[in-house]
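In order of appearance the chains are A, B, C and D, and numbering begins at 1 in each one.
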Amino acid sequence: MEVLYFAWLRERIGLPRERVETTAPTVMALIEELKAREDRYALAFSDLKSLRVALDQKLSSLDAPLAGVREVAFFPPMTGG
Amino acid sequence: MEVLYFAWLRERIGLPRERVETTAPTVMALIEELKAREDRYALAFSDLKSLRVALDQKLSSLDAPLAGVREVAFFPPMTGG
Amino acid sequence: MRLSVQEAAFDAGAELNAFSASVAGAGAVVSFTGLVRDSDGSLQAMEIEHYPGMTQAAIADIAAQAQTRWSLTDVLVIHRYGRLEPGALIMMVATASRHRIAAFEAAAFLMDYLKSRAPFWKKEIGRDGATWVAAKDEDEAALERW
Amino acid sequence: MRLSVQEAAFDAGAELNAFSASVAGAGAVVSFTGLVRDSDGSLQAMEIEHYPGMTQAAIADIAAQAQTRWSLTDVLVIHRYGRLEPGALIMMVATASRHRIAAFEAAAFLMDYLKSRAPFWKKEIGRDGATWVAAKDEDEAALERW
């Protein structure tokens, strides 16, 4: 699965995207896996209230299932306009 | 006193402005005077709900006093914008 | 603040660019442009009458009210009178503010008041004759929002 | 309907004129222009990051929602990304409708959704370093209007 990071999540984790092999059933489970990897992930995902997720380029929620998903993107609340 | 007419009031009465000598105490009294003059005035002022008035170029009401007023303008509801 | 009542045509895009360039502190610019609409192809022209002595002052009063109610960097109002062809620009307003919601609300307020409180009257000239545009109850009701 | 996500600068006035010229049946055109604001003179640039695969589709979805909710003749959205200088245009929306209130509401709706639901992130580069612009609670709350 491709995992993408944007804005300060990208900066804290230190890369814009990576390939992740996982059997995590939900977004939240994937986050827990990533947080357990290294401090930079734990820091990036420390504030779940400021975390948004898109699954295959559609906004979704942290409790959404990952079955069949090819691209997961994590980012802070959007600030367009 | 100068009396001005705009839009379909001007067309019905047949002139854009005229000098009127009057002692009418209020706008409404002036309207009654004008209506008594000729049919074209009676027709122009037949629908008071569709009548607006400005006294010295400020929107006012039909029961406003005319003391000290130099210019009275009658017109239908405005359609700017 | 530029408030213009004029017979001449104007370039809304050039006005918008000039307005935006002059409001460096603002993050948000809202514009409204009103055009002569020809729904069914029968309109030949629109004639706009106004009350020359009163129009400019009425617009200035409406703009001053907007500036009292919202924090605006600047306000622009241009309104034409005379004979206009279908598709021509009738008028525009623009508002600039730090915040988008103030700019939107102030522009909508200006339009509601210009529509029903500035001394303009529109007449549509069609193939079968001329008709004065009737004020709509909903336009009067729109003022109650503010 | 023109929806553009682009790095290049654009001319809001020229866009407004082209948009207005193409919507003959509409009487009302509303535009919003967002500029890089430099309140205190310390901003050097704004950097806008976006999610290339998702941005265009997210904007198209927001525009389609607006067209479902209001009777619109046309919709325009332009949003830049990359490095922008103070005073530069970030984005614009324009809406055209027969009636002014629909055009105003649809433009405000588009802005509220673009602000919080299109994948853009702004970073302010100042003399003392860079800061990601924080989303405001009021922007999230603004969505509840619709």
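The rule is simple: contacts are C-beta pairs under 8 Å (C-beta built on N, C-alpha and C of every residue); 3 or more make two chains touch, one makes a residue touch a chain.
All values derive from a computational prediction rather than experimental measurement.
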Using direct touches as single steps, what is the fewest number of steps from chain B over to chain D? 2
Which one of the chains is farthest from chain C, going by Cα centres? A
Which whole number of Å gives the spacing of the CA centres of chain A and chain B? 71
For chain A versus chain C, what separation do you get between their C-alpha means, in angstrom? 48
Intercentroid distance (Cα basis), chain D paired with chain C, Å: 23
Multi-chain contacts only, two chains or more: what residues does chain A have there? 81
Sites on chain D at which at least two other chains make contact: 34, 100, 111, 115
Those chain pairs that satisfy the touch definition: A-D, B-C, C-D
Touching residues on chain B, where the partner in the complex is chain C: 4, 6-8, 10, 54, 57-59, 71, 73, 75-81
Help me check something: in the complex, which residues belonging to chain C touch chain D? 11-17, 20-21, 23-39, 86-87, 89, 98, 100-101, 103-104, 107-108, 111, 115, 142
Considering the complex alone, what residue numbers of chain C touch chain B? 34, 49, 51, 53-54, 57-58, 79, 90-91, 111, 114-123, 132-135, 140
